[in-house]
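Beneath this line is the structure, given in structure tokens, with notes to follow.
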Amino acid sequence: MKELRDLTRKLLADGDAGVVIGWEEGRRGARPAFITTPDDADKLIFDARCVHNLANYLNPRKPQVKALGKPAVVVKGCDAKAVAGLLREAQLTRDRVILIGVRCGGVVQTPEMPAELTEATVATRCYGCDVREPKLVDHLVGDARPEPPVTAALDRRIAELDALSPRERWQFWTSQLAKCTRCHACRQACPLCHCERCITDKTQPQWIESSSHLRGNFAWHLTRAQHLAGRCVGCGECERACPVGIPLSLINRKLQLVVKDLFDYTVTDDPEVPAPIGAYAVDDKQEFIE
Amino acid sequence: MSAATGTALFLSDENLGNLVAEIIAAGRRLVAPARDPQAAVGGSADYRYISSAAELAFGDSLPRMSLKGFFLPQSEVLFKWHRKGADVEIEAVPTEFPPQIVLGARPCDTAALEIVDQVMDWGLRDELWFGRRNATTIFNLSCPVEDASCFCHAVDLNPDATRAADGMLTPVPGGYLVESCTEKGAALVEGHKALFESGDTGAAAERSAAAAQYRAAARAKVAADLQIDTTRIKEWVGDHFDDEFWTALGPRCNGCAACASVCPTCHCFDIVDEPEGVGHGARRRNWDTCQTGVFTLHASGHNPRADQNSRFRQRVNHKFFIYPSRFGEVLCTGCGRCSRVCPEGQDLAEVLACIDELARA
Amino acid sequence: MNIYQPHLMNVVAVIDETPDTRTLRLQFKDPEVAAAFAFKAGQFGEYSVFGAGESTFCMASSPTRPEFIEASFKLAGKVTNELRQLNVGDTMGFRGPYGNTFPLEQWEGKNVVFIAGGIGLAPVRCVIWNVLDLRDKFGDVTIIYGARSVADLVYKRELEEWAGRSDVKLVTTVDPGGETPDWKGEVGFVTPVVEKTAPSVDNAVVVLCGPPIVVKMTLPVLAKLGFADDQVYTTLENRMKCGIGKCGRCNIGPVYVCKDGPVFTAAQLKGLPAEY
């Protein structure tokens, strides 16, 4: 913690960064912090409650963050993958951001939970994590942490759903998507949802109806899922932001598995590796159009 | 707002179940906190239309969404249109609704309805809102207070408020103490009076004492949460539109507007036309929110609220300055849902405490 | 009554003002509605194309000519695009009139200065005709109107009519580069032309409408010419959906533009945050 705070003080004092974006203690657990003066550096914390993907604040369409100056962002391994996504998609250039990597031993599901990781509290995304120590960084802080308890709950649930008949699966998703209020919190919380104008806000033509009936809700979630296939880093922020509890991670994780199967691609924190949505190979599988 | 004043009756747990059964058997729609029967894992209760007493989840935490959707649906048809050559026929929707009963509403959710009544009755009266209001009988559940994000007492309510309610249930050992506070409420009790035990038995005094204790404990719990003066806050917010306070709050907010979805008083809406086929369609009203960029975006591309600082400021402004300036009371019932649901830890109670301190300085 | 259900209107005339601006002349289908309908200068309505939605426009015609209403709109979004597809005989929807009004009764006996930029002439035109139809009740009438180019001037026939009237002083201008070889008006932005024209402040009121930039630039010039803030009236055009104080979209500070406006004096404007 001292290492992170000292680095923050130095980056701000030297004028290398205008703001350091990390985590602080809020009334309901850890939360994003925007540190703009060295004196506030001691507010920063890092522990297993720091679940937020702060790469979201690097979205170029956030003028209120831009106004604070050049950002230095604290990233876990999974967050670094989202930064790589923004770099890969030309939303950000590497010289415009300072990345402070933290060695991570897994996080809990919500920032309000106690920091102790148990099989019941560990976030599903931490299962199979391959970046406990982020590589895409300018500074790396913190000690290596032990592996979190294993929970394959998400993949188990996907297997259960896959085992259902199409009709049963349809009923499950109908009951889930019926809850959607079309607030688009999922989009806002997503670090990779950075379109200048989201398709659901477009009216000429109105590709996606904005009403929260099943027609509009299915159109929205199917389109978003397709657009995130091979781009989603699996941070689960959409699901955490959803005020009505739609299990969006099931959709995103399933698509990760599909993309892995079809294109042998796993989302990475190396921005030089192209994502399948932006790359073409002659041996790309084409079963999906048959 | 004081507690209900009608004569207290006793409704046993068993008879609550019978009451639900009788209401449903009579063909009335019944709304109550209940679990999602489809939910894969637990989850908290939501207000839903229920079909049996088994679904009731009075003991659960505060329902995730407020009651407002039963009066201002997330999406509702305003009318349908049918094209006939160059002509158009309008198919109106009813503005009168079949009766519905709400059992176990939280006092903050019920009070919110009467606050929103003011804007819905301002100038032209919104009969779609009032049609549902008039058709509904609401019995509150005296609230145990959820957690430290509750602050109903700071906005002139309390956990056993009966504002806008027709009656209230207070948990006591073995059942509920039931008080009605309107004619509608009394009529509901009268219609099922065999289920209620009158207040003149030996156990009544004990139950009254238990109820009083329950309420006092809840009041004490919430009173510890937030000490503010909403008049002082209104003045400060009105006078400090350009204060840098707002620029410190905006960056954390990601504009997801989950706060507005779950808020019992946020009532802003959009109006859209949706074709339902060739030559016919519906005009709908959908929930909308000042937290999104497109809310104020002009067709020309100009946006008077171009960043999240100004959008977050608008939310606080509307609730604590605009609404009290216009209607004499804040547009907030202190339910704390916005703080609980915010994925980034933005905390309205904390924001209000900061403003109150600034205003005092 | 469902307050969101519009009245049906017939399109009785379609007038192309400029390449991207069109005026629709409308009559109520239901004669009872037509008989009961009345509005005042400054008010607005919600116009709808079924299937596309509603859009907010001021009444561009004058209440002194009650046999029809007119709306002028510039092609900008989904609804205006669909409005452009309408022909004479087609049906559209209308809700209104909503909002406050220009206090014309209070202006009787005064000189009236109209200043408009671009499509901003639409709300001003309503007042101009209202004043000219009651010509005896008002003093001098001055109209200063500018557009980007000659092609972008709206209500061209009416501009000619006003130019030909001895009881109206009309000054037209186009932005530099927007003039044609035979253009006889001024060349320059509206603001400097107002300064050059220098209408007298004595016993006068000003109606100023246009894009936000024109209003923001011209207000200080009017102050410099000696106009007090309560002599100057303008309209605000915040985005609206319901038009009747419910949907929460048009707040500026404590003000609901749809209910407290759209007409504001410069004095009122100064008391508001610049969120427009």
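Think of it as A, B and C in the order they're written, each chain with its own count starting at 1.
Basically, contacts are C-beta pairs under 8 Å (C-beta built on N, C-alpha and C of every residue); 3 or more make two chains touch, one makes a residue touch a chain.
Quick caveat, the model's predicted, so the values are computed rather than measured.
Enquirer: What pattern do the touching chains form: line, ring, star, complete or other?
Expert: Shape of the chain contacts: complete, all pairs touching.
Enquirer: Looking at B-C and A-C, which pair shares more C-beta contacts?
Expert: Spelling it out, more C-beta pairs touch across B-C than across the other pair.
Enquirer: Whose Cα centre is nearest the centre of all Cα atoms in view?
Expert: The most central chain, going by mean C-alpha position, is B.
Enquirer: Rounded to a whole Å, what is the gap between the Cα centroids of subunit A and subunit B?
Expert: 31
Enquirer: Where the centres are mean C-alpha positions, what is the separation of subunit B from subunit C, in Å?
Expert: Centres of subunit B and subunit C (C-alpha means) sit 40 Å apart.
Enquirer: I'd like to verify one number: the distance from the centre of subunit A to the centre of subunit C, where each centre is the average of its C-alpha atoms, in whole angstrom.
Expert: Chain centroid spacing, subunit A to subunit C, equals 48 Å.
Enquirer: Where in subunit C do residues touch at least two different other chains?
Expert: Expected reply: 77.
Enquirer: Among the residues of subunit A, pick out those that touch two or more other chains and give their numbers.
Expert: 206
Enquirer: Please set out, as single numbers or ranges, the residues of subunit B touching at least two other chains.
Expert: Touching at least two other chains: 270, 272.
Enquirer: Help me check something: in the complex, which residues belonging to subunit B touch subunit C?
Expert: Listed in rising order, the residues of subunit B that touch subunit C are 78-79, 81, 83, 86-88, 90, 92-93, 95, 119-120, 122-128, 238, 241-242, 267-273, 275, 281, 283, 285, 288, 290, 295-300, 302, 304-305, 310, 314, 317-318, 321-322, 325-326.
Enquirer: Spell out the residues on subunit A that touch subunit C in their complex, using ranges where they run on.
Expert: Checking each residue of subunit A against subunit C gives 203-204, 206.
Enquirer: Contact residues on subunit C for subunit B in the complex?
Expert: Per the touch definition, subunit C meets subunit B at residues 1-6, 8, 48-54, 76-77, 80, 89-93, 212, 237-239, 241-242, 244-249, 251-254, 256, 259, 273, 275-276.
Enquirer: Of all residues in subunit B, which touch subunit A in the complex?
Expert: So the residues of subunit B in touch with subunit A come to 36, 38-40, 43, 64-65, 74-75, 148-149, 247-248, 250-252, 254-258, 260-262, 270, 272, 274, 284, 286-287, 289, 292, 294, 306-309, 339-341, 343-347, 349-350.
Enquirer: Please output the residues of subunit A touching subunit B within their complex, sorted ascending.
Expert: These residues of subunit A touch subunit B: 19, 26-32, 34, 52, 56-57, 62-65, 67-68, 111, 157, 172, 175-176, 181-186, 188-189, 201, 206, 209-213, 216, 237, 240-245, 247.
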